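Two complexes, one shared chain (chain A), two partners (chain B, chain C).
Then we have the complex of A and B:
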């Protein structure tokens, strides 16, 4: 019974639904297309409920951490999450309070996220400065040269150095970097195809166990 | 039972090896002199060849004894191949005057003195004078004369014994054998034999309540005490009479110890009436195999076995219930073997550690035995490294801040006008868009990327608004609708026109499934700002799905968002034109889609936005100039820091 509930039933549902959606794309049958669209709609609803569950799980985990030493940040997280929830619900239910949501987003969330994102530049600068501190391999030197070329080549430097660097940067981006990127994209595409087939045949079961 | 000569363990009859120590056991039973087969004790004839196992007893005359061949080399003491005709016949000769007990009925009713030795009569037990050969009898004569008070009457001798004993003169101390019967070489050895017999060395305490009547013991035997039945290896100095092989004719060794069985026999003969010799006495010497190392195993009588102490069998008592309504009852739950094992039991260690383990242990012991050496300069070196690291980060931060803030203070004409061919192509595409065209905008960035992406999306959105396009906004990121609303509000000239120009359909959960569902059912969604159904919005009147959209704009700060939208749109409606405004980090991954035609145009990064802004000429040029200058200065600073750091660490050496 346990095996039926935990493995056989989820696998059967996943394989069946996946085949229906796939056939809906492959075969020009209106019935299959409607079934496909309905199944996709179900998936969106389930994903929305998953977000709600994730929200409450976040509150549960950090409510436990808030009681431990160093739980100040968990307390802040819980408070801000609850404030965001209340303001969003208020904006949805009371039209006159929608400005509160916009204010919260513009003056709280946006500066905080921008600040955290801005630290990336500082961290990258420090890492670039210490690039050869621990490793002096050929790959590191190539990476260093490429980073310098892209950094300087992006800048609209005055000619003739600017033009030379811009052309070098364009060549670099279109030939070696593009070759690597195309390889990555092809690999990702094949990987997605393989994972989809494995899930369809039940070899991979990320939904059970 | 066969007793092991090494450990004394009793083994089953017929065993060849000891069950305890594995020592080969001597064969018991009667070996056939003709075919060599071993027969059970008690057989008179061989089971294989029907030869007689117990030879007809005949005592050779004294002349024959003297003419017997000398013992083989290697036996130091003189011996006479008496066999049964020798020492046993002498015993019988002495027992002739006695009234022998009946074989079966009288045996349990022995006199107390003979019942004293409870141990089984072992063949090693020394025998008194009766087992002593003639030449030794002479030596014992002055010290231990035979009992004169029990002369056997002639009438009590059975017929069969009378025939055998007829040619033999009874042995008595008064009639020692003539000197001529002893060879010369033996005479010298006889003198070397100690006068005092050995059996008196280890006295046997008589059993309680069974005293030996001293009056029935001969004079020479009174000093001799019972010796415990000890299995001893026969030595040259103390050969045992048990080494006699009466059946195989092997010359026996001279006895220096008297077997207890014979002592018992002697006393029995002395205290009881003479008669026939009991069977247990007859068989005692016969059961001694020649391979037994001088020991003759004997059968323990049943009445003696009954007296043998038995091992106590301890019965484990089952525990009683200590609680519940079954309290006090026993045997409810059987005792499991596993309960006897303590919970902390450890598996047995190997008997000997491997050499590798020994080497490791020695190495560890050596390391532990070393005095702990703390480098005194460790903390001193750690402090400058930490301070240097803090200083490095501080300098990097200061340089970056100076590079970013300097363009705000001073206008630096360091950089020329930016160039972005893809942005120019996008501008052309949007510029050709018909008026009032519904444009689906995938708003895939949030506040974290809004500083860059707003400069990318701003000119494009304004251009679309200028082209009087109807903007339908959706996002798979939760903060996407809010970020879109903030930018749209800033670019919309007349906020009252929002409902006619913009429809923010909000967040799409489910990633790719959400995208697929949204582009297939745009009319079924709800406007995020007003809460109205999309079907009731004026700008959505003729828009139900992706097929009704004139253009799709993807504003993506992450590569995955761009791929997701491109994949779903290319399946749902591959004919709809798709353009993108992406961050600088997505530019590289979006280039293949651009070259493949899936993207009709693209504006990437701050540079692309500046180019688009310059073409659109929206009046935001000064802001873009500042951003571009700050970005350029920051890039220059990072490039300089990278080069300086590389030089420092190349020259100064690698740090570990």
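Then we have the complex of A and C:
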């Protein structure tokens, strides 16, 4: 009975649903397409519940951390999360308050996200300098040459050096970079294909022992 | 021909999986190639137990129900491969997830590991943490964890883009060993300069085979290698005008 509940039933459901959705995409049968759409709608509803779980996980983790030294940031995070929740609920219940939620997202959350995204360029520059100091190998040289070619080729430098660098950048992006990129993407595609097949044939069970 | 090729690949993959399964029953287990990003993990788990500081696992921004689903499942399988040992050592990792749909799956990995150990009450729900959905916010949150939690090592495995640089930079700042396996090209470019053991492209999907070493993962890796060889052959034939 334990084996039925923990292994056979979940595996049968996963394989059955996976095959139904796949066939819904592959075969031009209206019934299969409607079953596929219905199953996808169920998945979206389940995913929505996962968001509630995520919110409570955030509150639980940070309420624990708030009591530790340096917990001020966790307090701020909890307050911000609660304000976002209240504003979102208020906008849903009272449409005239929708501007508050929009204001909060546009003038508080979006600038903060953009600030963090802006840091990435500086972090990459620091990492490149560290790379020069710590690793002296052929791969590093190729990496730095590629970075320089792309950066300089993008700059609006005067002719003839500017044109030559722009052409070199275009060639670099279209030939060696594209070749490497396609190789990587084929590899990723194969990995994804094999995991998908393992789940469809019931060999992989990420949901049970 | 273009429309037949994906079906052909699927059929070949199934045939290779079946063939390796039959050979495994006769006692022939295929070997896997070394992958530095994953091969050091068992030793890191041991060091983590000695130091009492957990390993931080960053599972990326992938979700269940999108184009990154299977990458996230590969990351979870790798996590599952270390869960039993980590639980046995008494230093379960901290897991940072970037999408709430991955949260219950990652929690389940450790709940089952503690159950198998016979001590389900020792499971700590706070060991799996949801950080944030927006990728840069997620990366900043993980960087903060790396800076303020006493992590022994860092493993980034999953779907991330260039924001991965924020995470590897924080780990490098702490001077802790780290492994990186990401499926996205911007992540590879962003993490290459970091002092980390890298798994590039499809090597991410070889993680479960190297760590858990279960026959089904090894068979899958073998099928992956055969398919890649065939694709290289097809590309060469096309370039040489033979097809």
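Definition applied: the second predicted complex is superposed on the first by the 205 of 209 C-alpha atoms of A that agree within 3 Å, B and C clash if a C-alpha of one lies under 4 Å from a C-alpha of the other, contacts with A are read in each partner's own complex, and residues count from 1 in each chain.
As a convention for this text, a contact is a pair of C-beta atoms (placed from the backbone, for glycine too) under 8 Å apart; a residue touches a chain by one contact, two chains touch by 3 or more.
Keep in mind that this is a model prediction, so the values were computed, not measured.
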In the superposed arrangement, which partner chain does A:158 touch: chain B (first), chain C (second), both, or neither?
-> first
Partner chain in contact with A:176 - chain B first, chain C second, else both or neither | neither
Have a look at where A:70 lands relative to chain B and chain C in the superposition and call it first, second, both or neither.
-> second
Chain B versus chain C as contact partner of A:119, first or second or both or neither | second
For A:37, decide between first (touching chain B), second (touching chain C), both and neither.
-> first
Check whether A:25 is in contact with chain B, with chain C, with both or with neither, and answer first, second, both or neither.
-> first
Once the structures are superposed on A, label A:47 by its partner contacts, choosing first (chain B), second (chain C), both or neither.
-> both
Applying the touch criterion given at the start, work out whether A:16 contacts chain B, chain C, both or neither, answering first, second, both or neither.
-> neither
Touched partner set for A:58, first chain B, second chain C, both or neither | second
Where on chain A do the contacts with chain B and the contacts with chain C coincide?
-> 43-44, 47, 50-51, 112-113, 116-117, 124, 126, 128, 130-131, 134-135, 181, 184-185
For the complex, which residues does chain C have touching chain A?
-> 9-10, 13-14, 17, 63-65, 70-71, 73-74, 76-77, 80, 99-101, 103-105, 108, 112, 116, 125-126, 128-130, 134, 136-137, 139-140, 144, 148, 162-163, 165-166, 168-169, 172, 183, 185, 188, 190, 192-195, 200-206, 216, 220-221, 223-224, 227-228, 231
In the complex, chain B residues that touch chain A | 392-393, 396-397, 399-400, 414-419, 446-451, 478-479, 482-483, 485-486, 508-511, 513-514, 516-517, 520-521, 529-531, 571, 584, 588-589, 591-592, 605, 607, 628, 632, 634-639, 641-646, 649-650, 654-656
Enumerate the contact residues on chain A facing chain C in the complex.
-> 43-44, 47, 50-51, 53-55, 57-58, 60-61, 64, 70, 73, 112-113, 116-117, 119-120, 123-124, 126-128, 130-131, 134-135, 143, 181, 183-188, 190-199, 201, 203-204, 206-207, 209
Per the touch rule, the chain A residues reaching chain B in their complex are 25, 37, 40-41, 43-44, 46-48, 50-51, 92, 95, 98, 101-102, 105-106, 109-114, 116-118, 121-122, 124-126, 128-136, 144, 147-148, 151-152, 154-159, 162, 166, 173-174, 177-178, 181-182, 184-185
